[in-house]
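When the chains are written out, they are named A, B and C in that same order, and each has its own residue count from 1.
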Amino acid sequence: MKHLFSNAALLAAALATTSGMAVAPNEKISDGVVKIGVLTDMSGLYSTLGGKGTQVAVEMAVKDFGGTVLGKPIQVIGADHQNKADIASATAREWFDNEKVDMITGLLNSGCALAVQKVAGDKKRITMNTGAASTELTNKASTPYSIHYVYDTYALGKVTGQAVVQTGGKTWFFITADYAFGQSLEQNTTNFVNKLGGKVVGSVRHPLSTADFSSYLLQAQSSGAQIIGLANAGGDTINAIKQAREFGIGQKGQKLVGLLIFDTDIKSLGLNVAQGMQFTSGFYWDRDDATRAWSKRFFDIHKAMPTMDQAGAYSAAMNYLKAIKAAGTDDPDAVMAKLKSMDISDFFAVRGKIRIDGRMVHDMYLMEVKKPSESKGEWDLLKIIKTVPGDEAFMPLSESTSPLVKK
Amino acid sequence: MELSFQTVMSQVMLGLNNGVFYAILSLGLAVIFGLLNIVNFVHGALYMLGAYVALLGYTMLGPLIGKPDFHLNYWAALIVAPLVVGLLGIGVERAMLRRLRKFDHLYGLLLTFGLALIIQGVFTNYFNVSGDAYDAKPEALEGAVNLGFMLFPKYRLWVIVISLLVCFGTWFVIERTKLGSYLRAGTENPELVKAFGVNVPLMITLTYGYGVALAAFAGVLAAPIYSVSPVMGSEMIITVFAVVVIGGMGSIMGSIITGLLLGMVEGFTKVVYAPASSTVIFLIMVVVLLVKPTGLFGRES
Amino acid sequence: MNRLVWIALIILGLLAPYVVYPVFMMKLLCFALFALAFNLLLGYTGLLSFGHAAFFGSASYITGHLVRNSGLTPELGVLGGTLFAGLLGYVVGSLAIRRQGIYFAMVTLALAQIVYFIALKAPFTGGEDGLQGIPRGFLFGLIDLNRVYVVSGRPLGLNLYYFVFAMFCLGFWIIHRTIHSPFGQVLKGIRENEPRAISLGYRVDRFKLMAFVISAAMAGLAGATKSLVFQLSSLTDVSWHTSGEVVLMTLLGGVGTVLGPLVGAFTVVTLQSKLSSVGSWITVIIGGIFVVCVLVFRRGFVGELARLLKRSL
């Protein structure tokens, strides 16, 4: 047995020394195809707000762009990361190594997003994140190839937190999803609550995808806080709000505030339950003629109105393709340089600009859920009560801890 | 958090609410284990299946049989789901488990593990992992009751009461009736019971059917509280295993009491030190193993 | 077994990355080693552990932590992870061998669940996000495990691959030696007839515990290596699904055969990768294989083949 292994080691050494030439052949479009990967939650608690709809949006963008760029075909590939960081990073790795994927978008779930962004950074490939929220993505974890496109926990916490504190919600208790996203959202919101003279009296962490919120809600209730802040998303937020009603929480005195809410959540809660809630969004389908026109097309395919993640994925893919065309190559460095220098302006982003740290800065909106009597249709759910310019909503570069920001 | 009477009591009530599910599931496991010597890994999946029978009966059965206005209501589901799952269990026992009786009991565990994967996989494929709401909670059980220290939803109170009735009813039948004495004798000495003219294989089949029907019954009870999801059973089953190890597999009453107690301990832990609430049952298991390896109510095998 | 078979297998292992996607190949090797370690317990000692992911996963976390946060070189990180898994194996084993058969399986399952919760809650594990961005670093401080060689147009991470292959061979060798030592003979005696082994004066519990510790440590070696390949340790590594998977691999390949776990791991990992497009149907397929295996195929691929050839494989 023993000498076999020493033979093996020799052979290994011999094979290992066979080569060492450099990678990256110089063609305008690497591998002769531009391939966009949609990697997101396709089956879990976030799948209704992202999922297949995100892929539909990206496919629309490719079709609208004409299906080819610089004479080469554009392809879209999709996969479900099941909200598991290990599956997300393994899929991304295989896509980059074997599937010729040039850019990954979607990426709901901050844990998965961070994992993929790391792999992409190591392999010098672009990520345009439309789904995840953690500010970490544009701070310590930012890479020269990462873009955070739609929203983040800083903007959510600032816009919603301010609105609530200013209308008298001074004491807070958080019910927080126990992973990168929830922690980041709680932290950011806490900062603004404190800054405006409010106080956080306690918080409790729950695992992702929790079925029973009753015990957390009772803790929140007995804390006596005026505001119960839900630092979670999707199915978790829906469950928490529904069960709060079951125990009579949030009906007198205390108020529930969802810090991240999507149109689809409101749809599934119903206006009766959700009316009057305020939250922050990066997009609403019924904002102006351009959003309505695009959303109508999306609705015809997907049978649901777009969320900010889905609309953002269209915009991200479209601008990525424009940048390739303008740069005359799909080389990631050249494309990133273009993306960071061009104006992002379409139905999705108003006054959009991608900063050095990868943050796409654009207008954000404070939304309020309509009363059932105000609603004129199945998807007539929200009204925009305040537009917050991107520079006010997002974290200023002076606070950034991104390695890309020189200080 | 402060240890006010109110907070402790309300968390313990919620714990009891969880505890009845532990009790009903570990009771089913104990009944099956007693006669078949099989650790029924598929128990969690069948609990989930029970909830889905209720959900689909309410939402899809009508359109399926051509009467879109027909909905299987909650009360009917409480009967239908255990029947459906019980029959399925009977089929599984006849077709598969029976063939393994002459081999190591571990094969039973492995087989039911495989079945659990199949059932869970099929449902994951067609339904959202984050769960669907079951909206057929009966009118009469809407609203909450003021218990003095908290508002407790009527429906959860009903779940506690009916579960206790079912658990103790099962205990009564097995420990205090003639049918039960056959069952117990069949566990001890199947050959002898056979000699008395009792159809032991049939008894085994029906016992398995009843055990899994209990799981389905619990599933229907759970449907209006938690959202109905393909993974609701797999999250539950491991905890229930620990409950069973703590209680000792042989004892019916043991499994009921252990389930209830551990639910409340878990609830209490949420007040004292919340992060430990999901581990406390397993830690208790370690202590029990060190002190009394056969479990609190177990006998030496 | 025939020496030629060994040589062929090693050459196959050495050449594989030139043909197969290396990351896939490395995943295969890690899971094969995991299954081999598990088989030492089930196949040669007769103990069914349903919590082996605890060792696989905890080693993965410990290695990740050592390499990422304490700046250790990869080989020391792997060593640390393996030792930790062995230690954990000692603790879990001491408790679990107090019970037998089905109880043993359930106790290991429940103890593994504690490890799972620790992985979820401990400050250094990253909770739901997992321990991310584990650097591969320089082997012995010298050899860059990230280095990529281009062979006929394909970029191959050969340094890492041969490191993983070496770890696999090391683990295989240790397990193989254990089985064929006098110690291994006693284990088989215990499996066949425990009361007899006791009456012959063997302190059965100590043998069982020793086997448990070795098995846990080798499962740990597999997990530790995997954390360097994927640069991530996650809750999947410690979850009971992973424990179930390793049981399946061993069962499918053939319990108590030398090559069975290898064949089983290769089959399952290949299935998972080839069928990843069918989504959760993969769970159904794996469950189905489980059922078929238990009902009609209890010897597994290699076991059945050995029976046909009338020799041990």
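Please note the rule applied: contacts are C-beta pairs under 8 Å (C-beta built on N, C-alpha and C of every residue); 3 or more make two chains touch, one makes a residue touch a chain.
Computed from a predicted model, the values in this text were never measured in an experiment.
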More contacting C-beta pairs: A-C or A-B? The answer is A-C
Going by average Cα coordinates, which chain is farthest removed from subunit C?
A
Compute the distance, rounded to whole Å, between the mean C-alpha positions of subunit B and subunit C.
33
I'd like the Å distance between the centres of subunit A and subunit C, where a centre is the mean of that chain's Cα atoms.
36
So what's the Cα centroid distance for subunit A and subunit B, whole Å?
39
Note the residues in subunit A that touch 2 or more other chains, in rising order.
43
Would you please write down the residue numbers of subunit C that are in contact with two or more other chains?
279-280
Junction residues of subunit B - those touching two or more other chains
124, 275
Listed in rising order, subunit B residues that touch subunit A in their complex are 1, 4, 6-7, 10-11, 14, 17-18, 124, 128-131, 133, 144, 150-153, 155, 225-227, 229, 232, 235, 267, 270, 274-275
Subunit A contact footprint on subunit C (complex, rising order)
6-7, 10-11, 13-15, 18, 21, 23-24, 120, 126-130, 132-133, 148-151, 155, 158-159, 162, 165-166, 169, 173, 176, 230-232, 234-237, 276, 279-280
Interface residues, subunit C side, partner subunit B - complex:
48, 50, 95, 98-99, 101-103, 105-107, 109-111, 113-114, 117-118, 121, 240, 244, 247, 251, 279-291, 293-295, 298
Residues of subunit B that touch subunit C when the two form their complex
37, 39, 96, 99-100, 103-107, 109-111, 113-122, 124-125, 238, 241-242, 244-245, 249, 275, 278-279, 282-283, 285-286, 289-290, 293
What residues on subunit A touch subunit B, complex-wise?
43-48, 82, 202, 204-205, 209, 211-212, 214-215, 218-219, 222-223, 234-236, 239, 242, 246-248
